[in-house]
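A, B, C and D label the chains in the order they appear, each numbered from 1.
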Amino acid sequence: MLRAERISKSYRASGGHVVAVDGASLQLERGQRLGLVGPSGSGKSTLAQVMAMLLAPDDGSLTVDGDRIDVWGVHCRCELRHRVQLVFQSPRMAVDPRLRVGEAILEPLVASRLLAARDAECAVLLHDWATRVGLTYDLLERFPHEVSEGQLQRACLARALIVAPRYLICDELSSMLDVSTQAALLEAIAAIQAEQELGVLLITHDRVLADTWCGEVADIRELAARSGEGEADATQRHASARAAALSALVRGRQRRAMPP
Amino acid sequence: MSAAGAALRLRGGLTQRLVETARRWPTYMRVAAGVLALLVVAGLLANVVAPLDDTAVDLDHVLEGPTAAHPMGTDEVGRDLLTRVLHGVRISLVIAVLASLAAVAVGALVGVLAGTLGGRADAVLMRMTDVFASQNHFLFGVLLLVLFRPVLGGTGAIMLAIGFTHWPSLARIVRGELLSVRERPFVLAAIGGGASRHRLARRHYLPHLLPAVGLAFVLTVPHAVFHESAYSFLGLGLEPHQASLGNILADGQRSLLAGGWWIALFPGLALLAIAMTIGTIAEYWREHLHPRWRSELEL
Amino acid sequence: MLKLIARRLAVLPLVLLAVATVTFALTEISPFDPVEAYVGAESNVSTERKAEIARAWGFDQPLHERFGRWIGNIARGDMGHSIVAGGQPVGPEIVSRASASIALIGGALLLVLVGGLVFGVLAAAFRGTVFDWLVRTSCYFNTAAPSFWVGLLALYVFSIELGWLPAGFTSDPRSVQSASIDFDHLILPMVVLALTGYAWFTLYVRNTLLEVLREDHVQFARAQGIGEVAVLLRYALPNALIPFVTLTGTHLAELVGGAVLIESIFGWPGLGQLALQAALSEDIPMILGITLCASVFVVLGNLLADVLYRVMDPRVREAAA
Amino acid sequence: MSALLEVDALSVGFRTRRGIVRALSEASVAIEPGELLLVVGESGSGKTVLAHTLLSLLPRNVDVAGSVRLGGTELLGLAPAALRELRARRMALIPQSPASSLNPVRTLGGQLIEGARARGLSEEQARRRLRALLGELGLDFDFIGGRYIHQLSGGMQQRIVNAMALVGEPDVVIADEPTSGLDSELVETTAAQLQEISARGASLLVITHDLRLAQRLAGWIALLYASRIVELGPTAAFFEAPAHPYGRELLRALPEREGKSIPGMAPELTALPGHCAFADRCPDRFDRCTEALPDLYPAPDGVLARCFVHAAR
């Protein structure tokens, strides 16, 4: 069981702290399909990253099949980290633009030294997974900017599943995708789930999708131990997050403007 | 086609990639690269290529305009200007490349330290960088030259003056790139895949930093050429008898009133050619630095 | 806003302190001997006399005391005595030369801004045409051509061959008072000093405009039927102007450095020429004084840029608030 | 009597480094006054290109062939000034992303009035009409006018661009992916606003990949696949019983229906086949499908479908 308890996380933003997740608790069983819904800006992505051991929470604890996680990020042990995998919201951002699609899929295995890039086994695995997520072989040799968003998201799914995780967290898997690509990805996940008793947490803002595909659906606004955060709060938080993003953007342009 | 064969084709060799890149160059890039290569070769082989001794005084042919014997004319003591310009190109390029390397090394070191250490060390390093950046680097270079020319000699002092004043912008770029690449989701994804610190640095940070550093180096070279010649021109750099482009231009300034325009024109053209070719190459590189994030199909 | 200005102004002394410390350390590291420089290398001043001068300047005292005194002197505006000014204090000499430099740099900055804006906008408006190509090529040429070389050529063509403009101040620069700055003498150095900056700014404005022209809000303005001229000037230009002002602040520093070269070629009696004379006579107090002044100038320029940036961009204004 | 907006055999190709990208091939649709037409398709099917062609917002590396007529006037090849005039007076765009479609460093008041002036209104008329329109949408012009776009919530931004579209009383309103990236609540309000715009009598062309939005808005539907219109007919009929196999499979992929994916992938636009583009993925494929390109054939319920199944009729 993947169990998150009383997770809290806030970010430092211009004008004080922004509370992204406030004491949320969530459990995911193996073989379960759990949907997590909520409006944008309600902390779903932050919770997903904490549960995937990528982001250290300010407070709260995470256990994977009884093993307590107390370190996050690069410090976390590979064996533990491979039990939980995350598929990011925007595939364009989640793949290193310098790696070919095939390399990107194999990267976790090579990175954790389960395989060397020269091994013949790589090719076999790569083509097995390409088939499972519905990628044609010629796409594996292309760079990320040469394939479509949907194809890239299939590659991201393959990359997450190739390390044989016990739990899969999909953060808005389909928000940018067409309905048939979304269906294809969900079918691929379902097939693996049937084989390996995979626990799936599907984060989405599509209530219909969550209701039809998942066995259970949780609303992030109801997960908080300490409830009572008002609607105005959420809007405020959204607005200030957007302002921070904007100013980062503007500064980026300003930096580029400087002559060498 | 076999599965194994497909996997092997995933990686292209460096040479192969370079050749592929050069094949895609537009005409102006080929011209720029050709002219630069010509300048570098002519400069390096100045002793072989140049017809005459660069210090040979010939008082019978003083201040002569361009002729067949002296394609760029002669100076006020009758030295062949073409020979001196070729030597000047060599001296200027060597000094500029070494000085730029020094500047880039300092900048990259400070930037990487600030970016990786973070916290207080980062703050201290960046404030230090700010202080250096808030200097007028030309004037500061003059100060360094005056202080260190007696001990390091003209060449050494110029390298110090350029290396010590051109690193802040690079330190900022390196730190900024490092911080921004660390926040990208694909780095999180790599951590999720189980990449170690070492692998993150080697496989993700370094490939994103190196082109920026390389580009900064290339862009610093023409700048350094400019500084070297400017300092020499002002009489603060190399010894007056050395055939640096700046020194020749200083001769040219003296000869202007006597109508010796060619002494001012040709060394400047050499400077211009160096700066324009390197600038063109750097600009092209900058445009192709980042792989296209967006597909052309998304309209 | 006021808080920002106050904070940045409060940092200024710290920056100057840091600069002073670095330069003090550099003079300590270097084998340079100010006494030797003062008496001149070939003079046959006795060793006792040199030691006397050194004692009078306090060179026999321990390092930290000298440093403390030096910083204290600078804080009071006393930057020592200059060789090129005939043993006079550095401060007043700098002040007396400043107005000539300010006229030159100010004029050049104006040319840079106006020229860059006008030609940048025109090149963007006529992108892809011969005009655009001409502007761009001339700009690439100007960014690559060393300013002092262009200065030499301009001097030769306009002053010596054509005789349109004076070749520069030929008399003793200090006899010319700032009030009598002659516009004829100013034109050439000002234009030459402005050329490099003009080229950067033009290219910059053009490229930024083309980038903004691809953005959604410009497309939307077009879809409403707003004319191309209005789209360019009212929808794209405001966004491009914001980074433009920040560039202005940093460019001020470049102009100060360029002035050293230009003033020496055209004999303009400003701080740049003073700096060069000081450097040639190894007049460390004067160079230090000018360096510190330039630092103040640069910091103030950056402050101005930051303030304008905040005034102009509502998003940053808000993020900062 | 010709239709208000007629698109006839419109083809658009982009010249890129990878060859010609055929974004739209021989598309023909017509909209009568007051009608609502949905252009539906997956990403890369050419629907956004259609909207951009109608508004002449295409980039330079593009080849356009065919004909677009607005009230009988041919738009393609029209002089820029005349085109802008026509566009300003008779057409309006509701952009995909309101937040990025207004200049971030200018206050909204100036932009709103400028937009209205471009549509031929005087300053005074513009002010009055904007005040009224925004008022109907529950916004105060004076409040909005002094603000910047990022200071408003997503819902307010959406209402502002809607008001900007309506201010010139256009004949045709084109909404480009009005719901992409929105919360389900915002999708709801946006759909309601689009219906209201349609109810005011303007012809509405909605570009979307959101099938639920399409079902809700009703009207007519044009389904695009690989740069071609494959099905054209009443929306209700399409959701009841799609005539083209692609439409049928697409509806099956909806999670509330079967959530069953279509095997394979759409062909790349640089290398479109000479036969039916869906043939490779089609469960009903027969020999002819991989030999020739089908036309739009009449199918039941007044639907046209680009499939040989209906060719016999």
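Methods note: a residue touches a chain if its C-beta (ideal position, glycine included) is under 8 Å from a C-beta of that chain, and two chains touch if they have at least 3 such contacts.
Because the structure is predicted, anything quoted here is derived from the model rather than measured.
The chain pair with the larger count of C-beta pairs in contact, out of B-C and C-D, is B-C.
The central chain of the assembly on a C-alpha centroid basis is B. Centre-to-centre separation between chain B and chain C, using Cα means, comes to 23 Å. Rounded to whole angstrom, the centroid-to-centroid distance between chain C and chain D, based on C-alpha atoms, equals 54 Å.
Mean C-alpha positions place chain A and chain D at a centre distance of 32 Å. Rounded to whole angstrom units, the spacing between the C-alpha centres of chain B and chain D is 51.
For chain B, residues touching at least two other chains, in rising order: 297-298. Residues of chain D in contact with two or more other chains: 43-44, 104, 150-151.
Multi-chain contact residues of chain A, defined as those touching 2 or more other chains: 148-149, 243, 246, 258. The touching residues of chain C, when paired with chain D in their complex, are 215-217, 219-228, 230, 234-235, 238-239, 242, 312-315, 318. Here chain B touches chain C in the complex through residues 128, 130-131, 134-140, 142-148, 150-151, 222, 226, 229-230, 233-236, 249, 252-253, 256-257, 259, 261, 264-265, 267-268, 271-272, 275-276, 279-280, going by the rule given at the top. Here chain B touches chain A in the complex through residues 1-11, 169, 176, 184-186, 188-197, 199-200, 203-204, 207-208, 216, 219-220, 223, 290-295, 297-298, going by the rule given at the top.
By the touch rule above, chain D contacts chain A in their complex via residues 42-44, 104, 150-151, 153, 181, 183-185, 209, 211-212, 249-250, 253-256, 259-265. Touching chain C in their complex are the following residues of chain D: 55, 57, 80, 84-85, 87-89, 91-93, 95-97, 100-106, 111, 114-115, 118-119, 148, 150-151, 161, 164.
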